[in-house]
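Which chain is which? They are A, B, C and D, in the order written, and residues in each are numbered from 1.
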Amino acid sequence: MVDTGKKNARILVFSTEKISDPAIDMAGLLKLHYPPTIYAISIPCSSGVKPKWILHAFEKGFAGVFIAADGSDCPYGESCTEKTGKIVSTTHELMKQKNIEPARLRMAAICSVCSESFVKQMKSFNENLLKMQGA
Amino acid sequence: MNNKLGVYICHCGGNISDYIDVEKVRQSVENEEGVFLAKTTMFACGDSNQKEMVEDIKNNHLDGVVVASCSPKLHLLTFRAVTERGELNKYNYVHANIREQASWAHSDDKAGATEKAIHIVKAAIAKVRFAESLVPIKISSIKSVAVIGGGVAGMKAAIELSDLGCQVYLIEREYFVGGRVSQWDSLFTTNETGKELVTRLYNDLVKQKNITVYTGAEVISNSGNIGDFKLKIKITPRYIKAKCNQGELQNAIDVCPVEVPDDFNFNITGRKAIYHNFPSEYPQSPVIDIKNCTRCGACEKICENVDFTQKEEIMDINVGSVLMATGFDPYTPADGEFGYNSFDNVITLPQFKRIIDLSNEKLTFKGREIKNIAYIYCVGSRQVEGENKYCSRYCCTSAIHAAIIAKKKFLNIYNFHFTRGIRTYGKQEVLYDESSRMGDIYLQSYENDPPVVTGRNDKAVVRINDILTGKREMEVEADLVVLVTGMVPRKDNSVGSLFKLPKGRDRFFNEIHMKLRPVETVIDGITISGACQGPKNIMETANSALSAAAKSYSYVSKGELELEPIIARIDKDLCTWCNACAQACPFNAIEMEEGKTKNVASINNSACKGCGMCLPVCPTDAINLIAYSNNEIESMIDALAG
Amino acid sequence: MTIDLYKELEKDVRYSEGLKSCFNCGVCTAVCPAAEVSDYDPRIVVDIVQQKDEAELEKLLKSDTIWLCGECLSCKTRCPRGNTPCYIIQALRALSIETGLFIESQQGMKQLAVKRIVGDHILKYGYCVYIDEVDTEMYPEQGPVWDWLKKNRESMLERLGTSYNKEQTGTLRKTSQESLNDLKKIFDETGATQRFEKIEKYSSAKAKELKINFSEGKDDYFKYLYND
Amino acid sequence: MIMQEQIKDASYDVLVIGGGIAGGEAALNLANNGFKVLIVEKDLSIGGKMILLSKVFPTLDCSACITTPKVSEISRHPAITIFTGSEVKKIVKIAENSFEADVLRYPRYVIAEECTGCQLCEQACPVIVKDEYQFNLVGRKAAFIPFTIASPKVAAIDIENCTLCGACEKVCPPKCIDFTQEKEEYRIKVKSVIIATGFKLFDPLLMPRYGFGLYKNIITSMQMERQLAPTRPFNTILRPGDGKVPCKVAYVLCTGSRDATIGNPVCSQICCMYSIKQAQLLMGALPMADVTIYYLNIRSFGKGFEEFYEQAKGMGVNFIKGKIGKISELENGNLKLRYEDINENKVKESEHDIVVLSVGVIANLDTATFFSEQQLKLDSFNFINQTDPLASPARTSINGVFVAGTASGPMDIPDSILSAGSASSEAMCYLIQKK
């Protein structure tokens, strides 16, 4: 790796095949750069993320997990946002029990063209995680 | 577990290999567990590589395949087909996106991009080890299509689908079909009028036996899926009996005391609460605008066909595919934008076209004769500050055409075009030439210095620093200022939200891929056509309508469709039937099944859409989604973390 | 101005031939030899004419601009819309003389000098440029040898095989009175004579305004223009 | 002379003339709905012009990534037959749903089914001629495979230039070179015809004042496209005169478009965008390069095009409004461009080390000769006349004959694909209705 003098945080993104993944693809297409230590696993819907997967990621050394949620665009129904929110709060509880800062798990709705917002989210999340590392 | 895997890493002709050390990726993964062969290729999607992959799979009896290339939206299906030709079940294929999510996203950091690509490919390898052979779920598909929107796109698509043998429901929100085109007068290139074109189309339409046209109709709910959409349609009544005496009805219109702005004429004229737009339109029956009707009963007294007892109807229809043709709205300028709503002789292009159509002999507006007309281009398009960055593509030609028509129809018309560079692309260029020859004046403003409209006496003065005469400040005293407004997405796009159609950066409906799948959307079974997808002229609209019709037809023509077998699966040993999953399921796909020792959950395979909402709610972790099981996701996480 | 300049311009066939429609690509200016040595811009001229602005047209007719074109017609073969800016210039020049506006510009005023040299020479000799009229006072660039050549022109031109001043065939022959009469008739019929008279008339007024002696031939006013 | 007995009969539902992206898309639509299609392609490979492009605007997807999978789907499709290196000589409409077409298949002198594409013949061949697939930037052999992603990827012998030395025959492992092949004549019965013969690029030799062909460092946009393509002839961008990597590049828009002096008054619709695209690619490939686009009007009208234009401006591409008047060559091979900078109202000269002429779209006149007994009407620009452009853009003056893509006028790839969808859709209706 190029030593840029600053290491980036390793972030796992759960993206969704029809909504947020196209936005992440478009960020690439538009060459909107973000840290290369951000990895996406694409699933059908953000309300299908199991808390144990998130915990597994922290266990394996990810500094942060980000759920790029479908929001109101979800093709599977209105309840998606609420359900994804619930997963996040449940997982936050589990994280506290394991002494992982809840701030390491974030969620935001990323629509299919929200490339810029995705990149902005990633950069700020990365910055925050780095600060937490430093602290 | 698959343990004889083939991995292919694509250069993408430089798109990937310019930023990612493809050979290094190959070397880093060739010794991964289960990898039998790892190759790089210039174009994974090219014919010769596809052939090579087929040979590799057959000769070596590979049981899993990974291609690391572009986004799966482009080529997942391509490589699944390759896998199938290699006589391996296509679900043993996993796609790794190292272009959009690595080489392009990190083109500023080659080492970082390479490192990321290695992990992405390793994760795909981890996933493909767990991949299993699956059989697509077959569902029957109803040979009928709902076409939403009865403008030229919708009508053209409906006729086409009907010709091809489909049952078609044409659903129009307004009370008359024809959409925007019926509002235009003479059209470029044929000089046929909009009314004539629309009349021609609905004459074709009504000849077809298998088209049902609903006007005043809106889709209010949608359930179901490709092959079997269940739509509820609300039909508002016309308050006029189907068969009626035209003369009486005209009298009824005449006596109506209510006058409201006529939106068919973009509010430059008024109409009654009982009205129709123009004599030959379809359906041949006026309508009572019940929102504005005072129920005075004047019409009832004259015409026995007026019927206030008619009620709103809700219809259920069942279709295999939905074709969207909902069109556009003309941009409405903000108050004060180029004098709009500040000076009363500043109007929009659609209004101007109606004025030309409605004026005889003399061109008049608000009782004043019009001689000097200033056209200001790119209003609502190519905005420097506003959110419409796109070019509306039809407006240059349309404005020039209207200017020519005005000049030919009326005496002493002087046209002044305040442009930002004329875009009469293709053969439309001849129109630009023609208008110049007729003496129209063209001026062009600098990008950051748009024309300014002020008032003087009862005229509007348009001032510009003209590029073409070397920055000279020019001004025109205009009797009429026409704002050449572009196309914007429909203000009320609720039907789009109903179907969850994604929108592009321009907020129009978005296709999957402009070149590969130009009329399909990410929502299976729903196609888009015409200006709801983005600005288009009539010819382009007709082409896209016919393309969309052919695509919708292909969804329903065979009576059967294959669906992805990616559905939820219950581990009956772990399940304790608590009902949480059934409650979470938005599709009622989970039911209780009585077992010998205990009750367990059971998935209805044809109802399950594979969203996974049931997974996180299960207290015993007894549900997994096929292809997204704990094993698959966790091993991918391991690979990405490593 | 009471006269409608545009109506007048439109009567000129060179205007309708020259201007079909201009989309301001600037190729005429880019290939124009005059534009290479001055700030002459045929595109702007065409654009102004195309805009039909009476005041701007009047300005143009009073300007030096229209007198800068060399009438080489390079523009004709290059224009993507089939215009000929040069023809438009020719029509403008004619109109400028017709309306007397030419005297408002330095370059325009010189029409008198052109008329008195080229125009008068044709009527007098049948030649635009004739050796008898070329001297080193007016054409110092000919150099002192010219004085000798001119003095000995009869024997020299004889030796060179010309028909100088003789009523026979060959170069530099004398134009017969009959031909000169025909030329005069052509000038009368085509309006050239009338135009010459207009040039004289308007120039005379201008000379009066400038308080410069005006009569005929190489008078003070001619010299004022010629030496400018 | 071909004997009458040798004429081969065959029948299909639809004859698609032209195997470019429009013809291919139309054929696929028809075949996927169960119709039998014959594609007749004049060239040795299908994929038309698109397969030779670098990337496509405004997404910058690589063109090959879109074309090659389509091409391989077409060539694999059981309902599609492809004749490459073949020409339609004559079509006669006998009745509705009944056309007869005479097709001539020229010999490849290679047994296509047996050729493995090993390229040994190419190595052995001693004859070098200009490579038309690289637009004459480099040479090729007389025994050759058109280009690396050609379909079919099979060798052919360019018999015009072949010296019959036999070197290729000797090295060919499957012994598939066959100089005894003769042209074959087919009489094809079809029910409908789709014309997708595409367009021709304007030949800048017709505009001598730009000096193409005279000055070495003036190339066409298609030559630049090849230099930027993944299957490019050099591994970088070179100017042909001396092989120098250029750093000041000029694009001359409207070369052969919107220009009555060469008889083409209409706008070619694609040149603005492909030039902007090439400019962006050049700035990526040669970070030090300075790219200037000389334009009349920038016509970035399609979906995402205006944004793409703005992106180019943001990247530092220079846009100058003004048509180039003349180009002259300097001693060092650089070129001097003379133009009026309209925005500043000044005549200027600028020096560039390579000039790219953004050549326009011209009608392909082949189509005029297909029909002898019925008249296939052309428009005033020699494109196929659309008889009902607003309601049925694919219809022509002959019922049952449809037009797809640029055969009816200039258009970009998305519009060509939609037009092909429209043509195939109308053809399907025609076939179903007339059954």
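Assume a residue touches a chain if its C-beta (ideal position, glycine included) is under 8 Å from a C-beta of that chain, and two chains touch if they have at least 3 such contacts.
Keep in mind that this is a model prediction, so the values were computed, not measured.
With A-B and C-D as the two chain pairs, more C-beta contacts join A-B.
Each chain's centre was taken as the mean of its CA atoms, and the one lying most distant from chain A is C. A straight line joining the Cα centres of chain A and chain D is 45 Å long.
Averaged C-alpha coordinates put the centre of chain A at 29 Å from the centre of chain B. Computed from the mean C-alpha positions, the centre of chain C lies at a distance of 53 Å from the centre of chain D.
Centroids of chain B and chain C (each the mean of its C-alpha atoms) stand 65 Å apart. For chain B, the set of residues that touch two or more other chains comprises 422, 433, 468-470, 504-505.
Residue positions 23-24, 41, 44, 81 of chain C are each in touch with at least two other chains. Annotation for chain A: residues 29 touch two or more other chains. In the complex of the two chains, the chain B residues touching chain C come out as 422, 432-433, 436-437, 439, 441-442, 444, 468-470. By the touch criterion given at the top, residues 209, 254, 258-261, 265, 296, 322-326, 338-342, 345, 347 of chain D touch chain C in their complex. Interface residues of chain B, counted against chain D in their complex, comprise 11-15, 42-43, 45-48, 50, 70, 74-75, 78, 152, 156, 160, 163-165, 187, 189-190, 192, 197, 200-201, 382, 389-391, 393, 421-430, 433, 446, 467-471, 504-506, 508, 514-516, 518-519, 533-535, 538-540, 542-551, 553-554, 557. Contact residues of chain C toward chain D in the complex are 23-32, 35-36, 41, 43-44, 77-82. For chain A in complex with chain B, the residues that touch the partner chain are 1-2, 4, 10, 12, 18-19, 21-22, 24-29, 31-37, 39-45, 47-53, 56-57, 60-62, 73-77, 79-80, 83, 87, 90, 111-113.
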